[in-house]
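Quick heads-up: structures coming right below.
Common to both upcoming complexes is chain A, partnered first by chain B, then by chain C.
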Partner chain A sequence: MSKYYLFQDIKKCIGCHACEIQCKSNKNLPIGPKLCQIIQVGPKFINGLPKMSFIFMPCFHCENPWCVSACPTGAMQKRSKDGIVFVDKDLCVGCKTCVSACPWGAPQWNQDTGKVEKCDYCMDRIDQGLDPACVTTCTTGCLQFGNVEETTQIRRERHASAVASLEKSSF
Partner chain B sequence: MAEKTCPVRKTVIYLSEQISSGYLTDPKGRRISEQILHLTEEIAEGAGGSDHLSAIDSLIEEYFFDTSPVQNVETGNFLKTKIAEHREIFQSHIETKNCPSHDCVKLAPAPCQMACPAGIDIPTYLSLIAEGKDAQAIEVIRRDNPLPWVCGLICTRPCEMMCVRARIDTPVSIKFLKAFAAERAMSDRAYINPEKKDFNGKKVCVVGAGPGGLSAAYYLALMGYGVRVIEDLPVPGGMIMVGIPRYRLPREVIDREVAMIEDLGVEFSYSTRFGKDVTFEQLKKQGYESFFIAIGAHKSWDLGIKGEKDFPKVFDAVKFLKDVALGEHHVPGKHVVVIGGGNVAIDAARTSLRLGAEEVTIAYRRSRTQMPADIEEVEQAEEEGIEFAFLTIPKKVVGKNGIITGLDCIKAELIKKKGSDRLAPVPILGKDFIIKADAVISAIGQYVDDEGMEAFDQMNWTRRGTIEVNHASMETTMPGVFAAGDAVSGPATVIEAIGGGKRAAEAIDRYLNDIPQPRMPKLPIKYNIETSIEMSASRKMTLKHPEMPMLNVDRRRTMFQQVELGYDEESVRREAGRCLRCDICRRCGKCVEICRDKMGIDALKFGYMDFDNPSETDFRATSEKCITCGACAANCENHAIVIEEEDGQRMLKLCGTILNKQDIQYCEECNAILPSIEYLQFIAQKTGKLTKVTENRLLCNACQRKLSAKINVETRPVT
Partner chain C sequence: MDKDVYSLCFMCSVRCPIKVKVKDGHVDWIEGNQHVAGIDGSLCPRGSAGKSLLYDDQRLQSPLIRVGERGSGNWRKASWDEAIDYVATQLKEIIDKNGGHSVALCERAQLSTHVSKTFLKALKSPNHFTHDALCKGSVNTACRSLFGYTDGQMGINYGNTKHIVLYGRNLFESLAVKEVNTLMDAMEKGAKLTYIDPRVNVTASKAHRYWMIRPGTDLALNYALMHVILKERLYDAEFVSKWVHGLNELQDFVETYTPEWAEAETGIPAEEIISFVREISQVKPAVIFHYGYRGANLTNEIYMRRSTLILNSLMGSVEAKGGIFFKKGPGEVGGKAARKLVSQDFPKIDVPRFDKVGTKDFPLPDPSHGVGQILPYAILNEDPYPLKALIAYRLDPLMSIADTNQTKRALEKLDLIVAIDINYSDIAWYSDVILPESTYLERTDSIQQMNGLKPQMFLRTKAVEPRYDTLDGAIILKKIGEKLGIGDYFPYETMEDLVDWQLEGTGFTREDFEKKGFVAYGPDQIFWDRDKLPFKTPSGKIEFKSSLLEDVGFESFPKYEPIPLPENGKFRLVVGRSAIHTHISTQNVPYLNELESENTLWINTAKADELGIKNNDVVEVASSVGKGQIKAFVTDLIHPEAVYMLHGYGHEATRAKRSFNKGLSDAVLQENLTDRVGGSPAFHATFVTVKPL
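For the complex of A and B:
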């Protein structure tokens, strides 16, 4: 995994898709490729109530990315300093092997350029000390970006408070 | 073109840089630039229409508003000068859809079309013929050449010299396919004239009814001009009628195609010598506002040897062939010697043979390889029994009492002279010999007979005795007088005369409407009638150039029947299918490079694409290695190599040739189309160290995402 973690607080997400839009507009993408995507799961009846989740699906920037091994041209790469998996457009020839190799559906096809597009955590922005585009525009603030160590804290705290307060608990 | 980079392409690059660099800070300026860029890109891709340039002009004006920042003004001024300077090139991109610089990649021209002096859209008509659409093919050819049947039989076919297919096996037989289509269309009564414009009240006089004159008359008549053709001979066609013998070009072919031109209302005055039977002043008075001179080169050079003028049986080939063509079938002698090495010499020799000469010898001062005559003509002459005396310089015609007994010659050797690429024949002292002869025909070249041209007093003549013109417009130095054909080029080809006549017709139209003449020669037009011929790679590779069926030699030695009998219909359709469609694929070789160097697959064996180092080509080899990944197609700017999905199969096609076919896989969830097994295996090989591919379900990209989101929900502790 990369040294970063993009945390989605599913409790807070309302499925507004603002992250998707900001991502596409930042990368100037045509219709088609969605580097990050909100996937709606449900509605499902849980304890007699309809429940629905919105899952934020970016690239997970795997430790051993299949897309990188699959890429015949070396366009798909893992940045050594922080582990971000990105595609060098100049090297990409549009063979789509990465698209087929990825079990998560992260690499996306750009029909206009005939090349692959992929979430790179907006590494140009990160290098300037900014957050990825999707995070900046999240309406409920459910997306958070940072180092892995920082973001685990939220879950811990939430779990702790859930354990503490019975009416909030969904056990 | 003077500039190295095409100005249209340059404008696209300039604007893209201006926009992406953030130089244009003013939003309005950026908006205008983006719109101009869009229009210019369309022009560079062949999608430009007649309004594109004027739209760009008015957009440029928008840069200059009152409070416009300096960046806008600068960009506006730059574009203004660029377009003013190269307006013709922009216009030419829109009109012809050809860009010879290869910078506008989608407009890269086909070599055959560029080689054709009349600029016929060859790939288009070959595809039409392959599909059996003969009449439509003729319609396309006649946009640039009103005599497809004539050219189909006798053209010197510079197109075939450039044919890319020759780098795989042999060039496509472009020439004859035209003749077949014309004959079939004529027979089907489907060889029809295009719609002509209404008479515009203006009259043009064409001097000479040869290919140049006929071509100009045809295009002028279509444009609505009243055309009168003045012809010295009693027959139409000029040199194609009286120079080319009937066994190569039957008279009916000329008659039928001339009749098509007559049908447009062109008036022909035969046996009328310009300057004698009808004068410039008379025609001016009758309201002819412009003149087109296509009088050809009908006078033969003298041999300049002793005895040439002393015997009645020494004559020039032009006169001899003309007399025969006009019906005077007299054998010149028993032992005929023809002097010269061009097509005219061969024609005179083969004609003499058909008239009954016992022995015909062609005496040429250089050797076989230097002969300017068509190689096939030479071979056909040899088959008929014509003898050749190479390295032979005629010295003197010998005989007595007006009867020739022989031609005194001297042997030559070829020596390289300074300042000349051509080896010069130099006589070897003492090596004299006599060729037995009772008739000598000289065929060493022709020049323009300028008698009767005195009225065009402001017209300049070159040192070679030809008419001086501006080759972009075929304009002479005398206003309103245009010229083309052999009268301009000296003895040359039919197709050059036809091209010249067409250019002149356009220039005359401009002249009579006060439109300035073009500065650059007009490029041939790509009509973009998309009809690639679809066939398997094996078929494309194994189609072989058919042998031309010939009349038997006995008849060829005795009669004027057509020698080349023509291909049958099936051969014609197949032969047309050999075309590689170089108007679509510009043979940049990017697909080959990507497949070999980037993908490491090396499935594309297109050796013919490398002009400098051609290697083997085999379209059949692709299916052995190809995984239908589509990287080649994704990088082909011309959409020549494409991936198509049809009937459960993924196909790789190059200009219609099916290089590979693989079964499509489908997503287990949503049935979306997935890559082929071969492709998945290719990925498995790459990722094999990480995972076993067989563990994966066959899912599409979107379903994979959904599935992993679901797993995420299910495995997450419920909070």
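For the complex of A and C:
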């Protein structure tokens, strides 16, 4: 896996799709390819309350990416320094083998160029010390990019404050 | 050359602060202004599509003059000189014959609204109206009736709240970034959200309590809440005894509106109403009964809006942290507001407004916004006098005023329709001349005076040169004005001149905005002393018993009129917004269209089964004034008495190819009804039939 972790704080996500649009806007993509996508599941009534989930689907930058092994031209690559899986468009011939190979639907088709587009965590931005486009302007800040330790901390702190009951505690 | 430009978004009217990165004269990247708390670099989906709008080749590219029939879509390109000349010549003829008041101008209130108002005032026309009235006229009147301030002078302190109650205010979808994030922060700290809506949406899914209320009965619920609060003495006694005028009258009035009575009307169990009141009153005054963003549902809208404000008052959450507050202007800290062109001296106008606001026929709505939905009646009936010309400035009467067929009949009577717009809106398509405005990324605009807990000023600054042959609205109106002999009212050549003129005497200059995009008059949030609240009502108190209403013969507490069940086979039509689009104006923006290109009609599963309608079937929806076809979305997530559709679809301008003829316009179905006390239209008072095709 890449050394990065893109964390989606489900509790704060409102499914507004700003991430998808900013991604396309940053990469000047035409209608069609969505390098990341929010998929809404629900609403469904759980214990009398309507609940919905917004599942954020970028590329997962697999440790052993099937798209890379499947690519016949070497266009699909894994960056050695950090494990980001990206496509070199100069080498892509548009054969769509990676599209077939990826179990997650990450490689996307660009009708205008006849080549594949894929989430590369905005590696040009990362190399400048910035966050990926989707994370940088996320409406609620529910997307966070960084190392795993920082993002797991959010959940631990939230859980701790939820279970702690200072008012009712006998301690 | 690369540069960063601080500016203001205008994909919707919220106008969030942004930073635009410009590379070689092109917009490369837009993000939220990270110096503004609650924005912190964020951008909503519409804001994220700014580039998609800017580089869209389906938007207006040059002035156009109609050559075929109205609405036929036959245009010829014109130079600015020719188009301005054409408009001015026609206007002059109309004004010479019928007087300046025969010209009306409608607009979505914006930073340069003071320019459009100046244009009309100089022509001796009182007939300016804004989108605001169509959205929330009754909220405005309700606020004035209780506090003496307009809704625009009030704000909500989301960040410190402990419990917020939203009545159809779909805050997490019909979204403003700062509101969303400050409320999200409060919820992270433990704040509770109660959501009330006949339809489940994203906001409902984030709520701690959700009530699928019978559509139209929010007022009954609120009267029962008051009943419990007063009966169990759960109000903020100190605040109420000091500041409320008319508590006894309210107490008598809500005596019979018990939770059990409300259960029968609203469908919400009485015991839930009682336990809710007990729960929320524990965290007063940090509670918010949201008085509404759009407040335009029923013909007694003002009383629903008053009821939410009365609930806040009972909880003492007025001018309280985590409650509602009054916005503070620069005067609070010895500062001076930016000048506006309307502060000049104008000729006296001796005719009433077209909507008769401010006369005894329609005394209470705010004349600075007017009541736009009266326009078709005023034109058709020539009452109070004939209107001859309309300038539609980014406000589309065809899709924003209920009953499009009637509005069309009215517009046919006009001698001149001019549209100032950025897109092929339906009104642009139906006009005689289109004057294209530059997008927000291509123009500097008038100062944004941001009153609030901390008074500030923001500035929209041109990031790139206009991509097409377009101009700033304030320049367009000045150019027309010059041809009509009122040029002296516009003392500027460029938008930069106008901003400099506005800033004179404030102690700030345009350069002061370059660093962060805004300037602040002082460092601290200002809350007034709760012992010395300057209510602007005649009694100086919060007027439950309202002199504003009673002095012109309206009741403060009219008896509740039960909401009858819809007739057999009919549904109450309710409408709303999503996160992806702004009203009627963004459906053709490529990235936004890609995500949401069509609306659907939500219908309850059991009702759909009865009618033989399956999910995704195309159905015909008809009201007394119009009909159309739309795909059905069959779901348990809507109350059986209602059907719902997103506002903003069914566009008729063929050159806006992506949005043309996609989905159905709610305005075609809605009857043009008005709250005659408060001024809002009643967008949820129309019943429709639905049948499979």
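One rule holds in what follows: the second predicted complex is superposed on the first by the 164 of 171 C-alpha atoms of A that agree within 3 Å, B and C clash if a C-alpha of one lies under 4 Å from a C-alpha of the other, contacts with A are read in each partner's own complex, and residues count from 1 in each chain.
As a convention for this text, a contact is a pair of C-beta atoms (placed from the backbone, for glycine too) under 8 Å apart; a residue touches a chain by one contact, two chains touch by 3 or more.
Nothing here was measured: the structure is a model prediction, and the numbers come from that model.
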Chain B versus chain C as contact partner of A:Trp66, first or second or both or neither: first
Chain B or chain C, by number of chain A residues touched: B
Contacts of A:Thr140 with chain B and chain C, given as first, second, both or neither: second
Touching partner for A:Ser2 - first (chain B), second (chain C), both, neither: neither
Interface residues of chain A shared between complexes with chain B and chain C: 42, 158
Residues of chain B that touch chain A when the two form their complex: 594, 598-601, 629-631, 634-635, 674-675, 679-680, 682-683, 686-687, 689-691, 696, 700-706, 708-710, 712-713, 716, 718-719
Parts of chain A lying in touch with chain C, wherever the complex brings them together: 12, 14-18, 20-22, 24-26, 28, 31, 42-43, 49-52, 136-141, 158
Residue numbers on chain C that touch chain A, as the complex places them: 29-32, 40-45, 47-52, 172-173, 175, 177, 180-181, 184, 188, 200, 202, 204-210, 579-580, 590-592, 594-595, 637
Parts of chain A lying in touch with chain B, wherever the complex brings them together: 10-11, 37, 39, 41-42, 53, 55, 57, 64, 66, 69-73, 91, 93-97, 99-106, 108-109, 114-115, 158-159, 162, 170-171
